[in-house]
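A single structure is presented below for examination.
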Amino acid sequence: MTTTTSSQRSVPARFHLDDLNLSQGKLARLHTLLYEHGPGNGTLLLLPLDQGMEHGPVDFFSNPPSKDPEFQCQLAVQGNYSGIALQIGLASKYLPSYAGRIPLVLKVNGRTTVPSSDDAFSPLTSSVEDAVRLGASAVGYTCYVGSPAQDRDLRQMNEVRRDCERFGMPLICWSYPRGSAIAQRGGQDSLYAIDYAARVAAEMGADVIKINIPRDHSPADASSPAPYDSLVEDRREMLARVIRSGGRSLVIFAGGSKLGDEALLGRIEDCMAAGGTGFIFGRNMWQRPMDQALAMTSRVHSILAGYGAGG
Amino acid sequence: MTTTTSSQRSVPARFHLDDLNLSQGKLARLHTLLYEHGPGNGTLLLLPLDQGMEHGPVDFFSNPPSKDPEFQCQLAVQGNYSGIALQIGLASKYLPSYAGRIPLVLKVNGRTTVPSSDDAFSPLTSSVEDAVRLGASAVGYTCYVGSPAQDRDLRQMNEVRRDCERFGMPLICWSYPRGSAIAQRGGQDSLYAIDYAARVAAEMGADVIKINIPRDHSPADASSPAPYDSLVEDRREMLARVIRSGGRSLVIFAGGSKLGDEALLGRIEDCMAAGGTGFIFGRNMWQRPMDQALAMTSRVHSILAGYGAGG
Amino acid sequence: MTTTTSSQRSVPARFHLDDLNLSQGKLARLHTLLYEHGPGNGTLLLLPLDQGMEHGPVDFFSNPPSKDPEFQCQLAVQGNYSGIALQIGLASKYLPSYAGRIPLVLKVNGRTTVPSSDDAFSPLTSSVEDAVRLGASAVGYTCYVGSPAQDRDLRQMNEVRRDCERFGMPLICWSYPRGSAIAQRGGQDSLYAIDYAARVAAEMGADVIKINIPRDHSPADASSPAPYDSLVEDRREMLARVIRSGGRSLVIFAGGSKLGDEALLGRIEDCMAAGGTGFIFGRNMWQRPMDQALAMTSRVHSILAGYGAGG
Amino acid sequence: MTTTTSSQRSVPARFHLDDLNLSQGKLARLHTLLYEHGPGNGTLLLLPLDQGMEHGPVDFFSNPPSKDPEFQCQLAVQGNYSGIALQIGLASKYLPSYAGRIPLVLKVNGRTTVPSSDDAFSPLTSSVEDAVRLGASAVGYTCYVGSPAQDRDLRQMNEVRRDCERFGMPLICWSYPRGSAIAQRGGQDSLYAIDYAARVAAEMGADVIKINIPRDHSPADASSPAPYDSLVEDRREMLARVIRSGGRSLVIFAGGSKLGDEALLGRIEDCMAAGGTGFIFGRNMWQRPMDQALAMTSRVHSILAGYGAGG
Amino acid sequence: MTTTTSSQRSVPARFHLDDLNLSQGKLARLHTLLYEHGPGNGTLLLLPLDQGMEHGPVDFFSNPPSKDPEFQCQLAVQGNYSGIALQIGLASKYLPSYAGRIPLVLKVNGRTTVPSSDDAFSPLTSSVEDAVRLGASAVGYTCYVGSPAQDRDLRQMNEVRRDCERFGMPLICWSYPRGSAIAQRGGQDSLYAIDYAARVAAEMGADVIKINIPRDHSPADASSPAPYDSLVEDRREMLARVIRSGGRSLVIFAGGSKLGDEALLGRIEDCMAAGGTGFIFGRNMWQRPMDQALAMTSRVHSILAGYGAGG
C-alpha cells in the first residue's frame, strides 16, 4: 500500500484506488465506476438527474426532451458516462432497462428549493439498502455544510455512512455550503466555504466528494475569516487547495448552471490539472439536443483521457 | 418490455402497466384497480371519502345522507368505481360488508385544516401493514410539496414507500403544493406549483400521482419563477405538461370543490385527451342525491370508455 | 351482520355491538363494559378520575374525601358504573383491591393544564400493553382536534390504535377541540368544533368517542365556518348531528364542570334520545358526598334503563 | 391487604409497604431502603449528591471536603442513611467500595441550571437497566410539573416507569413545579404548585414522591388559582394536604438550601407529624464538617425513631 | 483497591488506574494509552486532529503540510504520543497504515463552527461500535455544558456512555462550557464555567475529562455566580480546583490556540503540579514544521517524565 503525502508537491496527486484504505465492497463498486464504465482510466464522469426534484421542471424548458428521463439514460449509455445519479423513483422506473449498461448512483436524500434555504436540510428519500437492492454502485448524500440544521444533517449522514460501511457501498458526498451563516461569511461559492466543505466531507467519511468550483476572489470575500478574506489565488491554486482539503477522498466537481462550452472545457482542464478525479455534469450536458450533448461529452472524454491513474 | 419516449409526440401516451417496471405485488394490486374494477380498461375512477377529516363535516351539508359512509360505499359499488379511498377508521368499520366488491385505497396520513397551512404536514394515521391486513389494493399518501415541513414529509413518505416496496403495495401520492413559500410564487393551483409537484412525486417513487388541474394563466403567475411567469398554454397543453412531469407514474386528477356538470365533463375530456389515467372525484360525485350521483358517474364512465389502454 | 343507514331517519340508531365490525378481542372487552357491568343494557356510565392530573387537586376542594381515590373506587362499585377511567399510577395502586368488580379504562395519555393550551398536546403516560397487563377493558386517549400540535397527536394516536388492534383493546377517544385556531373559529364548545372532533375520532379509528355537549347557538358562532356560523338547532338536533358524525363509533358525553342536578338530568335525557350511548361523568358525580353521589347515580341509571340496545 | 382511607382523619396515615400494591421486586428493594438500612422503621433518610451537576461546584465551597464524593459516602455509612442518591458517574466510580453497606438510588436524569428554567427539562443521563446492573435499590427521576416541556417530560417519565415495572425497581419522583407558567401562578414553592406536583407524580406512577415543603401563605399566592389564592393554612395543614395528594405513594421532603438547625428540626417534626415518610437532605447535611454532619444526622434519627411504621 | 480522599491535601493526587473502579475492557484499553504508548508512566499526551471539521482548513495555513493528515500521523508516531484523536473519515482512511503503532481515540461527535454557538450542540458523527471495529483505545465525546441544547446533548452522551460500558471502551469527554447563558456568566474560559464543566463530565460518567485551563481572574468574572465572582486564585490553585471537581475521572488539558513555547511549557508544569494527568495538544504542536514539532514534543515529554504514577 502506497501513501502519498500531498504536502510534498504543489499539485495533489490523484489517488489510486488501492491507496484509499477502502473495504472490499467499496473497492469493488468503485472499480466499476472508475475502471469498467466511463473513461475507464480512474477518472469519473457522472450524469446527474435529480434537478426535477431539487429545482423543479424549470430546468427542462431549454431542451424539452430532457424532461423524459429516457433522454438522460440514453445520453449516459451512448455518451459512455461512468454512472447516472437518480432519486429512487426514477431509478426504479427507468433503470431496469439499462441494468448492467450504466451504473447507478442512488441519491438517498433530497428536497425542493421552494422553502427558504436559510436552514437548508435534505431528508432521506431512500436508503443504502435500496441502493443494494437496485444493484447501485454508490450512493449520493447531500450535506449542507454550515447550515443551522447541521445537527440533523451530520447525524443523518453518520447513519448513511454506517450503512455504507455495513454494505460495502461507496459514499459520494454532495458537500454544499449553505444557510444564513455561510451567506454572511463570503457566500456558498467562496473559497472559504468550499474549502471548508471539502474537509468536512473528508472527516465525515465520504469516499468521493462532489463540490463546486470556487469563484474567483471577490470583494465579498472580505467577510470570510482570515486568511481567506485577503487570499488571492488563481483557479488552479484554489482547485488544488480544495482538493487537498479532501484528503484521501476523491474530489469531483459539479458544473452548476450552464456555461459556454469553451469556458466549461477550460474549467475541466483546470480541475484535472489541479488533481481532480472527475465531474458530475447535468445541466451543462442535457440542456442541449442529444447530438450536441454527445459531441460535448466526447470533448470532455478527450480531456479526461489525458489524466488516467491506471487500473 | 416496451419503453415509451414521451418527448417524441405532443401528447404523452398512457403507459401500459407492463411498462412501469413494477414489482409483482404492485402489478397484481394495480391490475385489480385498473382492469378488474371500475372502467376496467386501464383507466381509473376512484371515490375518496376523507373529507370529514380533512375539511370536517361541512362537506356533508349539501347532501346530508353523504355523512353516513354507507352512502359512499353504495355509490362506489353501484357506480362501479375502481376503488374507494378511506382513512383507517371508516375502512375498518364500513368496508367489511363490501369486501371483494369494492377495492380499498387506504389513506395512510391525514390532518385537519384547522391550524394554519403555512407549514402544512400530514402525519401518519395508519400504515402500509394495516393496508395489507385489510386487503387494500393501494395506499394513499399526501405530500405537501414545497412546505417548510418538507423535511418531515419527504422522510415520512420515504418510509411509506419503503414499506410499499416491501409488501408490493402500490403507492398513490396526493401531491399537493402547499405552504407559505408556494403562496408567494403563484399559489398552489398555478402551473408552476402543480408541475413541480408532479415531478417530486415521480422522483420520490409514487406509482400513481394525484394532482389538481392547473388553473388558467393568471396575473398571479407573475410571481412564479421563469418561464412559468409568462407561460400561456391552454388547458390541454398544461395537462400534457404536468402529466409528462409525472414520467412513468400514472397521473390522475382531483376534482376539488364542486363544479357545474358540463364544466366537469369538459375537464374530464381534457385530462384524458392530454394523457391522464383517470380521476379521483369526491365532492363532485357525492354532494348530490344517489340517483343523480349515479347518473353523473355513468357519464364519466362513458368518457373513460374511450380511453382504454388494453388489459 | 346488520348495517344501519343513519340517513334514513332523523335520530341515529344506537348501534348494536355486532354492527361495529370489531375484532374478537375488542368485542369481548366492550361486552364487559356494555353488558356485564353498569347499566348492562348496551349503554355506558363511566367514572373518570384523572382530574388530579389534568386540573390539579383544585377539583377536590368541594368534596375533600374525593381526593382519596378510594372514594371514586367505592362510588364506582356501589354505584354500579360500567367502568372507571384512571391514569396508570392510580390504576396500579388502587384497583387491585377491586379487580373483577369494576372494569378499568386505562387513560394512556395526559398532561397538566399549567402551560398554555394554544398548542395543546397530551403525551403518552402509559401504554396499551400496560392496559393488557392490568386487565383493563379499554384504553382512553385524548386527541386535541385542531391543535397546531396535531402532527404529533395524530401520529401518537395512530400508534395507540395500532396497539389496540394488535391486542384487541377497545379505543375510547377523548376527542377535544383545542388550540388557538379553534378559539378563533367559534371556540371549543361550538357545534362546529365538536362536530368536527367527532368525525376525526371516527376516521382515526376510535371505537368509542367521548365528546362534550355542544353549547347553544351563540354570537361567537359567527366566526365558525359556514354553514355553522348561522346554523340554529335545538340541543337534540345538535346532539343527533354530532352522534351521526361519529358514524359507527359509539358516542358518549362528558359532563364538564358541575351543573345543577335537574339541568344535568335533562341533558342526559337529551343525549340518549338523540342516540348517545352513555356518559362519562366525573365532577358532576364525585364533587358531592357519597350518599348524594349514589343517589344521583341512581337517577342516571333510571334514565339509561330506558335506552337499552339488548345483549 | 389493608387499605387506608385518608379521608377518614385529618392526618394522613403513613402507609405500610404491604398497602401499596407493589410488585415483588419493588417490595423487596423498598424493604431494603425502609427496613434494612437507615432508621429501619419504615421511614426514610436519603442523602443526595447530584448538586455538582444541578448547581455546579458552588455548593461545595462552604465545606470544601464535601467536593470529594468520599465525604458523602462516608457520611452515608457512618450516619446510617437509608441510601445515597447519585448520578451514574459517581455511582460507578465511588460506590463499589461501599457495595452492600449503603443502598444506591440512581438518579437517571439531570441537567445543569445554566440555561433558562422557563421550559425546564431533565434528559436521561442513565437508565433503569444501569440501576439494575449496579445493584441499586431505586431510581430517581426529576419531573418538572407544569413546564412547557411537559410533553417530553411525561413521555420520558413514562418510559422510565415502564422499565421500573419491568425490572421491579422502585421509582422515586423528584416532583418539582417549574417553568414560566408556574412562575405566573404563585411560584414553585406555593402550596398550589407543590400540591399539584404531588398529585401528578402519584398519577404518573411514582412509588415515592420527593417534594419541597410549601412556603407559608404569601401575597404571591394571589395569582394561584382559587381556592389556593386565599387559602391560609399552617405548615402541618399544608403538609398533610400535599401528602394526601400523593395518595398511596410515599412522600418525602427535600431540604433545599441550608437552614438553621432548629428551624430544620422543627420542619422535620412537622413533616413527620403530618404523615411524611422521611427526608432527602443534602446541603443541610454535608455543608458542614463531618463531626457536625454526623451530630445533626443523629438528631434527625431521633425524631424519625418516633414515627416507625413497623417492618 | 486504594481510595484517595482528595480533601486531605491541597494538591489532588493523580489516581492510579486501579483506583478508578473501571470495567475490565476500559482498564485494558486505558492501560494501552497510559502505559504502553506515549510517556508510558501513567500520564497522557494525545494529538488531536479534528480541527479541519471544527474550525475548517484555516488552522492549516500557518504550516501547510499539516493539512495532510499524514503529517499528524507521522508526528504522533515519531513524537511517541499516547494516541491520536480523529473523526471517522480520517481514522478510516489514514490510520490503517499505523495500526498498532499509534492508538486511536475516535471522536464520535462533531460540528462546524459556522452557525451560531448560542445553542451549541455536536451531533454524532460515528459510534462506539465504529471505535470497536477500528481497534480504538477510547472514544472522544464533546459535551457543551450549559448550552440551551443540553437536553439533546446529555441524552446523547448518555447513549455513548451506555455503549462504552457495553463494549468496555473508555470515554473521554471534551467538556466545554458553551452557549449564550455561559457567555452571560463570565464566559467559557472562566473558572466558574470550567469548574462546572469538569464536575458535569464526572457525574455523567466520563473516564477522562478534557478541559481548558481557566483564564486568570478578570473583571468579566463579576457576572459569575458567587463565590466565583470574587475568587482570586493563582493558576495552580485554579487547576487543582478543577481537577478535584473531576473526581476520579482523569483530567487532561487542551492547549487551545497556539501560545509561545515558554508560556506553554510553564502551563504544562502548572497542570502536572496541580494533579493533571496530561494533555491533548493540537495547534500548539502541528502548527510548526515537523522538526520543530518533534523538538517541542520532546520538551513536553521531559516534563511528563517527572510525574509518573507507576504501571
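Order of writing sets the labels: A, B, C, D and E. Residues in every chain begin at 1.
By definition in this document, a residue touches a chain if its C-beta (ideal position, glycine included) is under 8 Å from a C-beta of that chain, and two chains touch if they have at least 3 such contacts.
Everything numeric in this text was worked out from a predicted model, so none of it was measured.
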Q. How short can a chain-to-chain path be from chain B to chain E, counted in steps between touching chains?
A. 2
Q: Please identify each chain that touches chain B as well as chain D.
A: C
Q. If you list every residue number at the chain B and chain C contact, are more than half found on both copies (same) or fewer than half (different)?
A. different
Q: With chain centres taken as the means of their Cα atoms, state the distance from chain A to chain B in Å.
A: 35
Q) With chain centres defined as C-alpha means, what is the inter-centre distance between chain A and chain D in Å? A) 57
Q: Would you mind listing the residues of chain A that make contact with two or more other chains?
A: 152
Q) Line, ring, star, complete or other: which describes how these chains touch one another? A) ring
Q: Please name which positions on chain B make contact with chain A in the complex.
A: 1, 3, 5-7, 20-21, 145-148, 150-152, 154-155, 157-158, 161-162, 165, 177, 179, 181-182, 185, 192, 195-196, 199-206, 225-228, 241, 244-245, 247-249
Q: Provide the residue numbers of chain A that touch chain B in the complex, in ascending order.
A: 50, 52-53, 56-58, 61, 64-65, 67-71, 87-90, 92-94, 96-97, 110-112, 114-116, 121, 123-127, 130, 149, 152
